[in-house]
Amino acid sequence: MSSLSALGQRLLQLIPVLIGISLVSFLLVQLSPGDPVRLLLGDRATAEAVAHLREQYGLNQPLIAQYFSYLSNVLHGDLGHSIRYQMPVGSLILDFVPPTLFLIAYVVAISVPATVVLAIVSARCRDRWPDHLIRALAILGMTIPVFWLALMMSRFFGVELGWFPVSGYGKGFLEHLHHLFLPAISTATWLVPLLLRNLRAALINETESDYVTASRSKGLGEGYIFRRHVLVNSVLPTLNLLGVMIAFLIGSSIVVEIIYAVPGLGTLMVGAVLGRDYNVIQGLTLFYALASVIVTLTIDILSTTIDPRVKL
Amino acid sequence: MISLSSASARRHFGPGAIEIAAGTAIILTWVVLAVAAPLFSGADPNGIDLIGLLQPPSADHFFGTDHLGRDVFSRVLHAARIDIWMGIAGVIPPLLIGATIGLISGYAGGVIDAVMMRMVDITVAFPFFVLVIAIVGMLGPGLYNYFVALALVGWVSYARLVRAEVLVLKNREFVTAAQALGYGPIVVMVRHILPNTFSSLLVFATTDAVLVLLAGASLGFLGLGVQPPTPEWGAMIADGQPYVVDAWWICFFPGLAATTLGFGFILTSDGLSRVLGR
Amino acid sequence: MHWHRNAAAGIAMTLALLTAPAAASAENLIRVGSPYPTSTLDPMRSSSAGNIEVFGQLYSRLLRRGADGALEPGLAESWGVSADGTVVTLKLRDAKFSDGSPITGADVVFSLLRVRDDKESAYSAPLQQLKDARAEGDKTVVLTLKHPFAPFLGNLEVFNAGIVSKADVEKRGKDAFTKEPVTSGPYIVSEWRPNDRLILKPNANYWRTGFPKNDGAELIEIADANTRVSMMLSGELDATRDVPWSRVSEVQSREGLTLPLEPSTVIYMTLLNETKPPFDDIKVRQAAAYALDVPAITKAMTLGHAKPATTTLPGALDYHASDYPGIPYDPAKAKAMLAESSYKGEELVLLANATGDNDKLSVLIQAQWAAVGIKSRVEKLDRGAWWERIAAGDYHAAPSWWYNETLDPDLAVRWALCGSCGTKSFYTGYNNKKVDELTETAAGELDPSKRAELYRQIQQITTEEVSQIPLYYAPYANAYSERVKGLGMNPMLQWSLEETVFTGE
């Protein structure tokens, strides 16, 4: 099977995934308690106004009918209208995509080099002081609660020193880098240790494996073995973990986005969930699905490039 | 660990054993503190004192008092009961489910793999908070429903991790050798491949325990998770957040507690992964 | 390691793609942070806090409130009330909508009737007594009431009585409020990014010449209270709503910032579900009230920044019975009353919604109730789920807060204390025929001193019968930077943005 047709097949498999997601998300949001209309109209709204608007938005129809009309709209590329804002869901979501993607790219750009360098240093200096230091810091990075760290950093670097803004996204590339620095560092603080520990374990595991011993006995140089065999075989699990984490971040950068008031997908999701804006929640879920499938696919393609034995 | 016999010959038990000892000592200390909390602190963890609000650490209140005048030391100790339970119960079901799915998926390949990985895709795409809100809404608020939500999403990381390892391992000589010797797929999977994924799983699981602990705290934003006034470190940190300038002790000590318990978990896992031959 | 290069290239490309073109930005916008979202720009469609704040900036009303709270001419330059109090004649000034078209009597009639009649109108209560509205020529509006109704002029100043363009709403329908709404107030919408911010710029056709005294404002939604405070401290906001009580003194002592604690119509209280046991028994309600040390709760919750509540109505309202002592803290009496009551020690549900301090408040109430023998368990839910259970009567008690959109107590009484006025006394099911009668009598009484007596009776009856347990009157803890002069919020949630001067750094 050529990799191109494998790719095509993966994309085909996307269809049932998306339908599955749309169904599950539809049921979950509709079955959870809370009425978008009540939240929209406000506390003092009369029961009649609430009932009328529910009727008008079709929220009183049977769930199955609602789902199929939703599905058929989605198949026509229409994610529907936000109940809250009376605006198309698609464009609403797109407005919130750039800050989140920028933040994730930023986090990856910081985390990947840091992880690789630290893991290699740690693995090659195993049980000597650099290794101990890196591992201790990694444990610290992982166990500090993110929002406590974020709060402290925004207080110290933002309020006291004034080096970085404590909120927002800014305008233009450089401002984005400036505004999102603290959010990115806050996220990298737990992401790097996570990846680092995984990579370090894999590196050490590979260094001690039989085929490396064999290579050594053939007289190949330690550095050559490390680059040619050890590293290549070790990055795969870490790369997969990175994929999972990126997908996770797209949907769950919520805490960091809220603390640093970044107008990203996380804030949109929280607003939509709290306001029970069904169509927005469903639209976002589908968006996450697409994004995570793309990330997964990219990681899988990278995996085959690194290690051809891995099939798509 | 049949396959790693030569590596096992070089195994150093020393450092690993020390880490395990230190890590489990920390965890056990917390377990003891949690179980015997009333012995260490006479104060009622939920005892409100409206005259003694926001008092700094002193001989009467080792960790000070919080915004309702409750003894933070006592709350930190009592919270350990829930947090230790959360770290364990929030990780084991996802690990078991995820590892099984990853193993089967990676080893079997083909249609089974495709179907299972699409399930992974669906789950990964699901924003955690939506799931928690829906589940809590349907089952009612509380810790156990939070575990259900965790199990429903948490397995994915384990499945992907194990599957990735299996994809590499199943082409290794010792696996092909075992297959050539006529062992059935279940035997090969369980006896030859699975043990080789333990180290990665352990490394991730212990880390995950810490993440689960912290995720519980971030749910405070939406008012989910543990119900007040039950002491829980994450909720205590969230409650103490507005007082971080004037009364740092309210969220510092639960933060320290979470960090030390996390340290114990991770140290143990490091030690274990060494002793297991990694 | 070619994958390194690929990854690096990929990241670089992603970064390049993400560099969104810089949006045009006006200088010197007044940046205001608030946790309350703007969810609609149509004044009739919502009665929730964030929207109320915005409506006042976009739509002028017939009457407005001056800095001292008194009613002043708005779009109506003068008005007269007939001797029997049932006909109000208003003379409109020469004013224009933001699109340059004149504001006529037809627009006024359209806007008011829409609030009263449209099925999508969220809150028609303020205009329920309006029998008929008609325009006489372009500049005169005659409003006929069903019966004499004292609060009526004040109700013409309520947030949803803003005047919208009849022609535009009829032409564009719902789009009239999602894309560049035609406004009659000090500002027009420069950009609305739902769930993030609303950018306002001056309405060149605004009838108050010389206003607004600034280049516009940016109303930014920031959910987290500590983030808002950090942004104030670092100069990323010029004003913010709702500073947490624990940080008030810190902000007050910071150079360049002020936090005046402005009077509000907010009241914190505990709903008691009177449709089912045990709170259907007045003795249990009274015991529950005697069990609470309200001054101590107030101090603990707000660090002494709020006043303990003494009646069921907000302290800033007209005719508030300020000399009424309220319910004293008397745990012994609470125990005695409980012993005589129908309560037999069952565990009650204290429903807390996860916004604000409600969960903290619940924990305090739980503890003080436990001291007299009322057992309860706190259930913390997000607002959506909370409302579902409140409206369905699926709770025993629920600490929460509400505020009134005008200083006249009529709407407050109808909302929170009147059993026959549509919202079942804030869904508590409290129902006292005498109170319902007094509500109508007080609204129809035109003599202020007689009204005061009637509202005093209402407060006395409902407080004694514990329709709700009043807890405290919280001021607005809004923080302001000294960069902006003249910005404040009146008790009805309206910013004085148009009066604000931006003085730069």
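Note that the chains take the letters A, B and C in the order they are written out, and that residue 1 is the start of every chain.
One rule holds for everything that comes next: a contact is a pair of C-beta atoms (placed from the backbone, for glycine too) under 8 Å apart; a residue touches a chain by one contact, two chains touch by 3 or more.
Please read these numbers as outputs of a predicted model, since none were measured by experiment.
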{"item": "Innermost chain, taking as reference the mean of every protein Cα atom displayed", "value": "A"}
{"item": "Pair joined by the larger number of C-beta contacts - B-C, A-C", "value": "A-C"}
{"item": "Separation of subunit A from subunit B, taking each centre as the mean of its C-alpha atoms, in whole Å", "value": "20"}
{"item": "Inter-chain centre distance, subunit B versus subunit C - centres from mean C-alpha coordinates, in Å", "value": "43"}
{"item": "Subunit A-subunit C separation of Cα centroids, rounded to whole Å", "value": "37"}
{"item": "Multi-partner residues of subunit A (each touching 2 or more other chains)", "value": "32-34, 151, 155, 258, 270, 273-274"}
{"item": "Set of subunit C residues in contact with two or more other chains", "value": "224, 226, 382, 385"}
{"item": "Residues of subunit B touching at least two other chains", "value": "133, 137, 221-222, 241, 244-245"}
{"item": "Contacting residues of subunit A [partner subunit B, same complex]", "value": "13, 16-17, 20-21, 24-25, 28-29, 31-34, 127, 135, 139-140, 142-148, 151-152, 155, 190, 193-194, 197-198, 201-202, 204-205, 208-210, 213, 233, 236-237, 240-241, 243-244, 247-248, 251-252, 254-255, 258, 269-270, 273-274, 281, 284-286, 288-293, 296, 303, 307, 309-311"}
{"item": "Residue numbers on subunit C that touch subunit A, as the complex places them", "value": "1-3, 6-7, 10-11, 14-15, 18-20, 22-23, 25, 37, 39-40, 45-48, 51, 119-125, 174, 177-178, 193-197, 220-224, 226-227, 230-231, 233-234, 236, 382-385, 387-389, 391, 402, 415, 422-423"}
{"item": "Complex interface listing, subunit A residues touching subunit C", "value": "32-36, 38-49, 52-53, 56, 82, 84-87, 92, 95-96, 98, 101-102, 105-106, 108-109, 112, 151, 154-155, 158-159, 162, 165-168, 171-173, 176, 227, 231, 235, 258-261, 263, 267-268, 270-276, 298, 302, 305-306"}
{"item": "Residues of subunit B that touch subunit C when the two form their complex", "value": "46, 48, 50, 53, 67-69, 133, 137, 140-141, 221-224, 227-229, 239, 241-247"}
{"item": "Residue ranges of subunit C touching subunit B (in the complex, touch as defined)", "value": "224-226, 244-247, 249-250, 293, 296-297, 299-300, 352-355, 359-360, 362-364, 366-367, 377-382, 385"}
